[in-house]
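Two complexes, one shared chain (subunit A), two partners (subunit B, subunit C).
The block that comes next holds the complex of A and B.
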């Protein structure tokens, strides 16, 4: 299971060793500020918006169609925006760094 | 739940809007998911500064206060909402509070199992929502009896569709006066004490917060819960399906909210003349409305939108609204529904549906079901050790 570093909107680095599930669920489990995951991970609430570190965008991949529909109306959207609930954590993502957008 | 038909599919495909006559005013309903979302975000073209017309039909006969924070625009909306958001967010970030609601719901399910036949709307959902609300607002649980007496919706729960006049304002006004004399840690005492931009809230502002709290979050939860019981009665395999995977409690909650969409529309006012969807002219001061149930059946977004898929994911529904005005009570509603599904999975083998009477809303250009008037059910308990 991968190690993931979340950089919160306040600038704090939260390192989650052996993160499980999705970028959203691992953040909620570890009380990462700025990620709420209100809808439980079905891509409805957009409370898990992150910017994927440039070095990791290829491995994480682009947003899906439904996800893009939410992201295009969110504040702070960048090329590397993803909703954390749609990023499954796999061993290939060991070392991943994301910046939490928050609200 | 086969009755929950979608009356908007033709208009959604053809135009993306549907006109409805609201007491002589023509109001176009916006029907497609993407268009509704965009409208929600554009608060300068589509304003919420429209008391008492945030719903399709004027509520001037039941209230004379501006509901807060919903009936105003940013930046006022942002600052008003920030005053009460922490209270409502306890339903997602306060473990003790969350456990208290889970226990309440579980206790009510256990009691309901022992009752044999019961109406899941007025005999279960109404008291459950009311008792949960006392905990959210830190009020004595006995106060739930007063709220239960108002019925499913305090503004319109009589046979003739009417309500009890200014009953709600009279009640909440009394509570603010009570809280002045005997302050505690309840919702009313909090609003008496909190500062907004360096001053206390006016009586009208406090009444506005209280008004939407009681008018907005009761029938919506109750209609969704009643519909869940009707669905489980129609689909005896559903509880077993949920029991197979804990994550399905979360997905099923969102799917029921999408499918039932317990609020038909919320209005916006156009301060300036606007051309809607390149087709429909809205005059300055005219209204448009965001049609949540239509957006939630948008065929371009949802695969088989008229089916209930308890493990639907992704499920980008907007059953709790979208944008800055999204439902303040959504965490509480989710907590209640998830707690209910979990308790039913733990304690109930199957739900037997005896009789369901749909609740129907009629407008000039459409008729739609919004939950049920009554859902007579019997809950069959799981055998010990299951």
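The block that comes next holds the complex of A and C.
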């Protein structure tokens, strides 16, 4: 399981060594500030908005259609915006760095 | 001495209240009383992944156990709050008397059970808790025949999940169409076609009269006296606010515990939030009682604001979602009371479309089926209080971007 670094809206770096599930569920499990996962991970609420570090955008990939619709309603949306619940954590993402946007 | 906050009910709103108070570094202490053995968990999954053969059946906690320890939340699991003593300001629960300075009722809703004989037979289920979902999961095998009574969101989601398991499913809806309480005929039609296309024996305008044992298992007697053989029955006939505790305590209750814009009940030291309360909504200028995760979360944030000295009235735009098979329905706003509806796109399986609801020319709500862009645009228009032209909305050659742009210009004009 990959190591993931979350940079919280307060600027704190939270490193999750053995991240499991999705970028959202691993963040909730480790109480990463700014990620709530209100809908439980079904791409319905956008409370898991992150900016993917530029070095990782290719590996993580772009947002899907449903995800883009929800992101439209959020502040601070960039090219590298993703909803954490839609990013499954695979071994290829070991070392991933994301910035939590928060609300 | 620090403020003692007692929360009755351990659902989404309760978890959010704990989280919001923790985030604000509130220095009071919290006691959370829950009837179930579990910390607050994601309930929408009960009718979906919890019944899905490929689903993960481990309960997904809203916040991990560590969160409650770290924030000194005392969690009383498997505990029923029996009585509120407003004079002594305490809650009697599990043989204890728990003193409060502020009490928050998050008691949710209970089943509205139809008058059908045989409801207590084994093999008849309701779906409200993790234990209910586990019961259904264990009772039905791939070849089981299940009758779902009620064609609302829960009933239809259960039907979809059970079809995925390979069960034979019949749905009985008393009204002349499914989802009649929450949506327009075109959207109901779409969902009826969807379910029938997936092999559900969906019958509208028909009620169940009796559930009884039969030689091969059980059967449901319906209103035309015919019978449907089955192995299990799931009741999804709607919910009523769980207000008994509040009523006994003499709080103002009217289709839910009546609260003000800050979620304060008729007792200034008692709040209520989520499915169990009713509140005047400024966008719709009427009292609403909503059964949704988002409503409970927003109201919990409102209560946290009051407790931490940053009061902000509740005025969030309501939104909802439902998943059935590969169809995702997203609803922004509340369509109740609409006098006009237009459909954008073609409501047929595999397509994406949206239904836009108006009252006196003002937009009330949008139902978006596999159409996130319509949901997003609808949300923005509703927040603007826009009055978009229904004819332009209906015309799919006019982009949603153009419609939104026009609404913004009108607002600034």
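We take it that the second predicted complex is superposed on the first by the 103 of 103 C-alpha atoms of A that agree within 3 Å, B and C clash if a C-alpha of one lies under 4 Å from a C-alpha of the other, contacts with A are read in each partner's own complex, and residues count from 1 in each chain.
Definition applied: contacts are C-beta pairs under 8 Å (C-beta built on N, C-alpha and C of every residue); 3 or more make two chains touch, one makes a residue touch a chain.
For clarity, every value in this text was computed on a predicted model and none was experimentally measured.
In the superposed model, C is the one of subunit B and subunit C that contacts more residues of subunit A. Within the superposed three-chain model, A:68 lies in touch with subunit C and out of touch with subunit B [touch as defined at top].
Of the two partner chains placed around the shared chain by superposition, subunit B and subunit C are both touched by A:36. Once the two complexes are laid over each other on the shared chain, residue contacts for A:86 go to subunit B alone; subunit C is not touched.
Of the two partner chains placed by the overlay, subunit B and subunit C both lie in contact with A:44.
Overlaid on A, the two complexes show subunit B and subunit C touching the same residues of subunit A, namely 36, 38-42, 44-45, 66-67, 69-70, 73. By the touch criterion stated above, subunit B contacts subunit A in their complex at residues 33-34, 37-38, 41, 92, 247, 250-251, 253-254, 301, 312-318, 320, 323, 326, 330-331, 334, 338. The residues of subunit A lying in touch with subunit C in their complex are 25, 28-29, 31, 33, 36, 38-42, 44-45, 65-70, 72-73. On the side of subunit C, the complex with subunit A involves touching residues 16, 19, 23, 42, 44-45, 60, 62-64, 66-67, 70, 293-294, 297, 321, 323, 328, 330, 371-373, 375-376, 379-380. Put simply, subunit A touches subunit B in their complex at residues 36, 38-45, 64, 66-67, 69-70, 73, 86.
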